[in-house]
Amino acid sequence: MLDFSDLPVVDVHCHPYRRADALSPEEWVDALAFGGGSPAYLQEGGIDVDAAALTMLGRLKRDTLYFRFMLHRLAEYFGVATTVDAVVAARNRAIANEGYANYAGRLHQAGRIEALIVDDGYPLPQINLDKFRAEVGVEVLPVFRIEVLIQDLLDDDCGWSEFRQRYDESIAEALGNGGYRGLKSIIAYRTGLDIDPGSRSPDQGRVALDRLRRARGRGDDPVKHLRDHLFCRAIERCIDFDVPFQVHTGMGDWEVHLAACRPALLMELLRYPAYRACKFLLVHTGYPYHGEAGYLANVLPNIWCDISEGLPFAGNAGKRIIAEVLEMAPISRVCYGSDVYGSPEPFYTSALLGKQALGQALGELVDDGFLSVGEAQEAARMILADNARELYGN
Amino acid sequence: MLDFSDLPVVDVHCHPYRRADALSPEEWVDALAFGGGSPAYLQEGGIDVDAAALTMLGRLKRDTLYFRFMLHRLAEYFGVATTVDAVVAARNRAIANEGYANYAGRLHQAGRIEALIVDDGYPLPQINLDKFRAEVGVEVLPVFRIEVLIQDLLDDDCGWSEFRQRYDESIAEALGNGGYRGLKSIIAYRTGLDIDPGSRSPDQGRVALDRLRRARGRGDDPVKHLRDHLFCRAIERCIDFDVPFQVHTGMGDWEVHLAACRPALLMELLRYPAYRACKFLLVHTGYPYHGEAGYLANVLPNIWCDISEGLPFAGNAGKRIIAEVLEMAPISRVCYGSDVYGSPEPFYTSALLGKQALGQALGELVDDGFLSVGEAQEAARMILADNARELYGN
Amino acid sequence: MLDFSDLPVVDVHCHPYRRADALSPEEWVDALAFGGGSPAYLQEGGIDVDAAALTMLGRLKRDTLYFRFMLHRLAEYFGVATTVDAVVAARNRAIANEGYANYAGRLHQAGRIEALIVDDGYPLPQINLDKFRAEVGVEVLPVFRIEVLIQDLLDDDCGWSEFRQRYDESIAEALGNGGYRGLKSIIAYRTGLDIDPGSRSPDQGRVALDRLRRARGRGDDPVKHLRDHLFCRAIERCIDFDVPFQVHTGMGDWEVHLAACRPALLMELLRYPAYRACKFLLVHTGYPYHGEAGYLANVLPNIWCDISEGLPFAGNAGKRIIAEVLEMAPISRVCYGSDVYGSPEPFYTSALLGKQALGQALGELVDDGFLSVGEAQEAARMILADNARELYGN
């Protein structure tokens, strides 16, 4: 195992959050943990959300490896016992003592995190980025999530001419004066990744929107045709502005449909001649189908893999994801990311986990004769920061 | 690697069998081994089942890692040479000397196996469970396989009113006075796991059965509609009786279609509001698609993963399955199981393999800083027995 | 880890190539490396192929683990620095000094490569095998790719009677007097692996060809029906001549569609009664879906797995592929292969990698108690050469 703890980090995919100075242990678990449903999820199923149900939900979150790793590392960082109560008390105390920006900055520095590339389409309502920047004390580069815009336009119930004009102009504004460094799509959560590249015909947008407005709710076909078309338009804007397109692939929460989020479904689109000039960043590298993303990054020259969300939310998967993506993806096409949110702590523990996982995966490649130690060190530097900086021109 | 050899075991998924005191080496291989086809499989393909073909079939079974592990462990247990002949002779001798129940009880005790949760829908005709209980000297809790009942009702060729009434009453009887602790479905072997949750409409059962009876064999559409509906009815009975529903996912034998058995196909159904109160145990945790099952067990609060069949039939996969399922599944949602059958020996060797695989997988999580040794020991105890006891209220 | 460096090797799947005595570093990278697109790929996308684009393409190839491993091993072999320039200079010098056949023969001997089973359907135009045999100094057994023949017949635009007759006769000639040792199909690159076994009806070939000729280019349906039928005919010829059928599964280059190349899609066909007498070799064992291929090789008695292309082109995947395929595939059903081409060097480095990966995978099986050291040595011998010799009757 190699030691990369001193290398700088650019987090290629994460989310801004609202500052919270003091949290109860339950609020902290709820803000940072992953999975296991929610009271609303149970209620919608007609299940009583009593004390036993709440205990069950909390226990599921605390029983994930993701949560255990974070708890152990923070207990070490604060020098307290490995319990939620002790860690949260230490966190609240530190913020009260030194102020939020200092606390966040010190954690980012401990992880050597130098820049965050954030998707501010989550959470909603959107976080003010200037405020966020001031609070976290680290460089923040935003990407623009097209689905927020699409929902706004659908809510306004306008015709295609207006829809298309506002769609194009809003994206151009975001990428021009707006300071956004690229686009992001979560179409995998909506109508799935089997996007027909032929959807780029402007007629498809018009016909699909017309059908949708005349018969809202009758079949999901027009919705899919509309979203596929708007996805294609977004690719074209990325080419125009020479910025990357982040596409969610693979894991999400309970709303993503596993059968529709595989990177393999994107292949026809990614290799379509008109789109070969677009730089696609496959967000979450499609975990648990990350082998497909690595494959695409090998055979197509315009694909980047972001290992976020699998690392850190899939616990000990990190070293496996890195090793398996690198089976085929060129070293220059893999980027560290976390997809975390909510509070500075997981940004720090994710960076620790990312460096540990890289140290194990690249160390094994040295042991097995694939890389010299020097090549491995260069690879770690590229994956942790340089590839993202090159991709986002920063 | 941690040593869990002294921990108690509950086998959450296995099958009863008919007692056989003396077996020839060939019979023993045939009774316990897995895969590689059968004389009937070859005959149906017009292939001569001559001595060479039989040798080939036997060799395929003996060339699996599953078989090699079992042979090595039994040779150690009996203190004989690592050959089929020596092991089978030792087994037959032990049964003759001490009696079947003592022999079986001693093997279960060596593996610290305390309870078997058995699906008596295999083999057919069904095994008498009282007799089986007396022979194996260990606690036996049965689950009820709905497909045996469905086949009986289809064979009786009755109308929907009678079909539905007998289906519901038979399940209620099994879960009430019958002593069954839950249901089990192998719809993955039949019409596949892409079950539409809208199938719960009673009309779908009536229409599908009517179409099926009028045009038996013309397309599989009515069969699928009927099975999907009956699957939904079975979920509702599990909710009524507050018992778990075991659903076969992933690997089986040559009759399961790999493309129709992925856990991902179940997602729409598992998260359907009306079914959120049902506890689903994903049998075989969908191996080789076990990453999908672990994902579902993370993002949905009512999913359990049973690692049976992959462990032990997929040889050295056990430690990988456990590690990869735990990437996302909460520790409280993973259960040891074997899916073995036929004779007491594989129950013992599967328990050995399960403990070894857990020791390796959890030991690595300790090494990588995800769990303390204490947390790993608690996790092993939960996965080997406590999670199954909690799930089955035992 | 066990040391298998002295064991003989039969490469069950690779390609002949045109001799090139002196290559520039760029030509050498281009001839041997994998992935990352090509100037033509970019041009078709309207992208300028300027110096920066060429540098990017070269960098992607050099940034793969496959390439790094090859470079390190060749630098050691020649005793030169680990740079492309030094290795290519040493290679060109060696060929100039000792002659091509001596150079190639010495590399093959260093890897103990004794026989190559070659698919001469790639590259096109086809390589003269007598010439190739003389140049490489090692036994060469060819297999016949049906898609080359199909394309020729389609180009001739003949009716079904002539098409069918020429198709059957050409295959019979190849397998009879032609010296071909079996067939090969890349239908995964064309219309996908979801081949309906009912396609064997002769009517399907006639109707599909008629529809295709009347409406060439209108929908891919007739193409798929025709290819499925011809695939079925090829299976029948393999049964007649008792030779194996190599079927491409899983990874290829950018033209294979990941969603259509999974081994699972073949299941219905592989288990179809009429085809149970055919020996299928699943080329590339379906990587990254190799778990599916291993499963098929377990539950069906007529399936072999070839680990080529994943090993060596997927870098450090080799030991994982072997370990995961052996989870279910009997040891007697797994064959070493490389799928390399272009020059003798990758044949040598692939053999090194294959032996290293086997040493690691089988060594772990010994450590975990699945195999004795003797069993592991026998398994290595079988996988490296004996299984392929048995399959091809050599």
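We just call them A, B and C in the order they show up, numbering each chain from 1.
The working rule: a contact is a pair of C-beta atoms (placed from the backbone, for glycine too) under 8 Å apart; a residue touches a chain by one contact, two chains touch by 3 or more.
Small disclaimer: the values here were computed from a predicted structure and weren't measured.
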Suppose you list every residue number at the chain A-chain B interface; are over half of them used by both chains (same) or under half (different)?
different
Rotating chain B so that its CA atoms sit on those of chain C: what angle is that, to a multiple of 5 degrees?
120
How many angstrom between the C-alpha centroids of chain B and chain A?
37
Where does chain C touch two or more other chains at once, residue-wise?
none
Given the complex, residues on chain B that touch chain C span 34-37, 41-42, 44-47, 56-57, 59-61, 63-65, 68-69, 72-73, 82, 251, 253-254, 257-259, 288, 313-317, 319-320, 356, 360
Mind pulling up the chain C residues that touch chain B in the complex?
262-265, 267-268, 271, 273-277, 291-292, 294-296, 298-302, 323-324, 326-328, 330-333, 364-365, 368-372, 375
